[in-house]
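In the two complexes that follow, chain A is the common piece, with chain B as its partner first and chain C second.
Let's look at the complex of A and B:
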């Protein structure tokens, strides 16, 4: 019999997980509020206040960690905590802040939308916070099992959120497709964890003593096939989450069917969380196996870029087109990942931050434009938008042009960053394919923009445009303003983003 | 004949392959759901076998985490399935084809 007194429990350094605790705690508080307040009218406003407190509190703590980690008295730099399960470095904190920003914008965007679509509002807010707390765990996970748990904590609420609109069959269909394929990818990821565990005897990513990184740098394996198969299965699992081709099949359906603010949230925050895990696994644990994983990432990047941009050309639905464009954006980030250098890390981080602004802005405008029901997003239906809604059409044009990578917008800066990283690592072919994909992509973004500024089909040329102005609610207006400012500021002053991205170093 | 750890690993691999194949070829959503469970449990078997082979308790602890995750997935997945099939008859994946392109 094992005496309990002999069990060594790990010390818990609470500051390291405090942002997650605060965010998840605010989600729990909202669920309790709902249980206590039942259907009272104040429950939703109260839950919004709690959510705001949670997100802002977590962000403040993350900023504090950002400052604290470099002047940490005991270790003076990035450190691991809680039996090496969690790592605190500026890389993770940078992505935590991106995720929290995207969560805040998605929440603000949802307030009027939830009212319009008559969705269960309080549950929606709580689920969004739970999902976001999973993403925060993912950004700071230092153990493959923690990565797996984070993957599930972020996915399970998302399955529900995607399927939440019970009045639309498309939402439920998207939910079940996301659920089946998401669980499939999680199971594959877990099998990868098991094989890596079998190959190295540990699941800790990076730490002194016992960890995958230490094991691989200290030992030369005679037969590393188990380990390599495990690594490839990990890539498959994470490839699903970041929507890289050939693991992208779910993306168009889910992005199209999900409630539009959730689509924006998935495209920005989930992608950031997925890449956080991908970068950390490849750059810290498997840094010495670069020759093995770099070709795989190369192939994923090329396929994502080409399939994403070419398939987007064929779409007639705006949300679906943006889904394929988000697949090609994953390809650009993968260019940065493939570089396997500090330049590559920097450019991937900057790309994720700028892309969050662009994509939340795009889906933000679409959210504002949806009336009751969220199904009709054909590009043909957006013809003549500029005559009806000059302001919203102008904003959507800005966001689409930024995604296309037009100079003086953040999108250009982001793309330039990953191409420079690829060139610095002598990956000229990859950079060239990226530029080619950007040229193809420019065509479908411009096609949508031209539709906004042309007359609607069947309209008489002289007829005065029907001026049925949509009132932009203040919260959505604020989101659009922030997103537009983000896109423009990063475009004019790229140094601002890259300054912080450069400081966002990984442990080790 | 002694049964070494490798036999267990091969059984686990077979179970995982059956689960993955079943998920891809079966059309009934509930059966697809069971296939996911089969895959997760095959992984559990792999973890336990490696834990025994490496003489490390970590792999056995991981199984508990997997079980919890699988239970949470079942709860949410069944809820989504029930919600969607209240509105239509039968649980065939081929009927869910609104979104395509």
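Let's look at the complex of A and C:
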């Protein structure tokens, strides 16, 4: 009990939260600029500069943390700060960097898009930064309450972003759907936190002294049903964020309805943040409960793989198909999580990094291809793309083939990593199911690819205006270049990724 | 040749570099892409021929010209290449068929640049398949082959609707097979690592460990995972259903490479990896593969005889021929494996030539229905003569390479598994039935209106087919150099299998392959 008169505040080690502070601060600055500058034409460029400064600043600080973490702390390793609320380890920093990278790419991709779609531009940038700062908190949270806070900070701006396109009904619908289901899953998560607290008496994930991990390794619970129910509810909440089956229902509608750059952002950064929390909760706090959670993750993985890839077969809309494919990709990361080994952690991290390149690349090409409206993404509408836009068609083909796991692209290496982790933990059946799902997935990726390279159907009425070539704006061009380079470099020199993923250890 | 020159890497890299060069040529100048295609594939053929003369049959090394570099250290994947008598001829076959099929594609009119690009990529990937000595590297190339082949079938096939379906079927079918292979490869390497060794996918290390390191049950399961992938590729009955569609819909060059080289990836996989890693399981399950091979031989031949489409007929004949290869391999003795390898080479030459000829006929008549042809012998005598000779070569008439291969394969099977050999021998006769019957229907008689005025083969087309036929004839009369070069490697495989299982070769002296003309014809 804390006496109100004698409230003790924890010491704050600023470096531990500086990236978040910088990023959220830049968001605040943008909102202020908007308030001061009103509708002046310079507001948007200025807000972009502030956003760039924020993202770059946060990334530089994260890199500094990466180097610093091995020197700082009492034992020269990962450490917790601010009353054990925050943990600084290379695992969290790795994902912070993935999230920041994805944020930067999504921002660059949005510049021309916002202009074209006439969306509220300045608010968009600020919301994106707020959401990203929530994700950063998520990656370094060491307390279930902080995880919950992060979940809300990242979600609420996303609800708005998804629904931002007021001219499109599907965007509105997606926003409401995401909001209702998202709040619901947050509530379930919170209930899980309460039950875990009831079972262990603490919400700290991992620390010396009082924490869930310490409690569980030091005590044998005679009746752990409260704790287990709590753990499962946590899995529901996080499973929702990473879009794992059966908590995926929102994904197709939201991915399809959201502005395309936001879809790319959600598929890469939100997934990374969700998995950051999932891995941390399971690998640090509940490491001793592996026998209990591994079967649950096994089931989630198998369901995500099969439902994701089979449902994608039936889609006629490219964005919707990619939404289902992102569900199946969550399944692959879950294979790595399920392995419950350092190899599993490594491979999941590598997967998230590589997937960020692939998925931002895919949605990036789609963004560039959208005219005004961002509505029509039927695969049939993409027929004949190669004849109109050979470069963009080639890039999209590269990204889709990479997602299918074709060798010498990052997609193959990512899968190799998780399957190796699974089999090293003797999960042969899981690996086989995963590979068969990949074979199914190849079918729908190729079906889309072949549409680009076949002639448009009959005499399409809008074939003539579409024939004029799209000028790729330099920012989007840069994003596509980075994504393509990322996919290829990770494919040819995977050691670059795995070297850092191996170093990205969790605390403990 | 400088012994340190990385010729194997060069063989893989040159086509890839060529593909890159093609990619950056302007779309409006297809002749540049075409020239690069010819030059690169010819250069690869030259390199391969150079390697042939440099190949040593007296060395005690298992593999020659090996190259090893660390690649993905964390995951234990290395870049290891090497060549032995088994892979040598697969490489040569690849290097030979590519320039010829590019030459045969001179009439490809649409998207030439992309076509050459995919062909060169395919060549590089195939070289990688046959030269890799690291299991994961092998798998990477094995999978990579699918992509260009998929685009070649779906982009330049004959029927715009069916080719897409055929290409998808090909891709998904083989990728499903590969799923098992991938899981199997990872399992072998990780079981090896759990046995207290460093994680590695190195074939030589694993093949020294696996025969005694794996339990009999595990080895059997792993043999099955590898076997499914290779059986789809071969293809073995009943996993062959992708083949007729893919072969028929593919453009000529695609069919030639598909039949000539891609199918060999399956039998090569059996020979190198299934026998090398799981010799005991191979002995235990040889009955299953012999049964499937025998069914394939007879079934393929009967179905081929029923075809009305000439290209489909040739496609089904591949099922039968590849059955002989599997039969020879799982006879598990020197004669059988010698025969299997020889049939692989011979099938690449003769079926390649057949597909080229069928393609040339299609270019002239825009149909492949046998019923639409009549009296071609009279209207295009050179073509008719060449087709007959190629048909004989494919049937395995003594004097052609097909005879040596099938004879040795049957001989090997006869020594160890007599009943299979007796049933399979029927396939040889059936081969004569379907090809000669088709020949009779299409080429004999008086030509009708449609078949009367078609041009005979030109020089370019002759240049595509004649080398293949000549080689087949040469090897049919003088197989000794090839047999001598594959002998040490085959012997190593057989000894490896013998030593790791209770299987032993029948105690008879190895018969020296006699010159075919002294044998009685069947």
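Of note:
Note that the second predicted complex is superposed on the first by the 492 of 508 C-alpha atoms of A that agree within 3 Å, B and C clash if a C-alpha of one lies under 4 Å from a C-alpha of the other, contacts with A are read in each partner's own complex, and residues count from 1 in each chain.
Keep this in mind: a contact is a pair of C-beta atoms (placed from the backbone, for glycine too) under 8 Å apart; a residue touches a chain by one contact, two chains touch by 3 or more.
Model, not experiment: these values are computed from the prediction.
Looking at the shared chain after the overlay, A:152 reaches chain B, while chain C stays out of its contact range.
By the touch criterion defined above, A:197 reaches chain B but does not reach chain C. In the superposition on chain A, A:410 makes contact with neither chain B nor chain C.
Contact with neither chain B nor chain C is seen for A:331 once the two complexes are overlaid on the shared chain.
In the superposed pair of complexes, A:253 makes contact with chain B only, with no contact to chain C.
In the superposition on chain A, A:428 makes contact with chain C only, while chain B stays out of contact range. In the superposition on chain A, A:179 contacts chain B only, with no contact to chain C.
By the touch criterion stated above, A:320 is placed in contact with chain B alone, chain C being left untouched. Shared contact residues on chain A (touching chain B in one structure, chain C in the other): none found. Of all residues in chain B, those touching chain A in their complex are 9, 16, 19-20, 23, 29, 32-33, 36, 39-40, 42-43, 46-47, 50, 53-54, 56, 58-59, 62, 65-66, 69, 72-73, 76-77, 79-81, 83-84, 87, 93, 96, 98-101.
Residues 346, 390, 401, 406-408, 412-413, 416-417, 419-420, 423-424, 428, 431-432, 435-436, 438-440, 442-443, 446-447, 450, 453-455, 494-495, 498-499, 501-502 of chain A touch chain C in their complex. Those residues of chain C lying in contact with chain A across their complex are 27, 71-75, 77, 136, 139-141, 143-144, 146-147, 150-151, 154-155, 160, 164, 167-168, 171-172, 175-176, 178-180, 182-183, 186-187, 190, 193-194. Touching chain B in their complex are the following residues of chain A: 145, 148-149, 152, 156, 159-160, 163, 166, 169-170, 172-177, 179-180, 183-184, 186-188, 190-191, 193-195, 197-198, 201-203, 252-253, 256-257, 314-317, 320.
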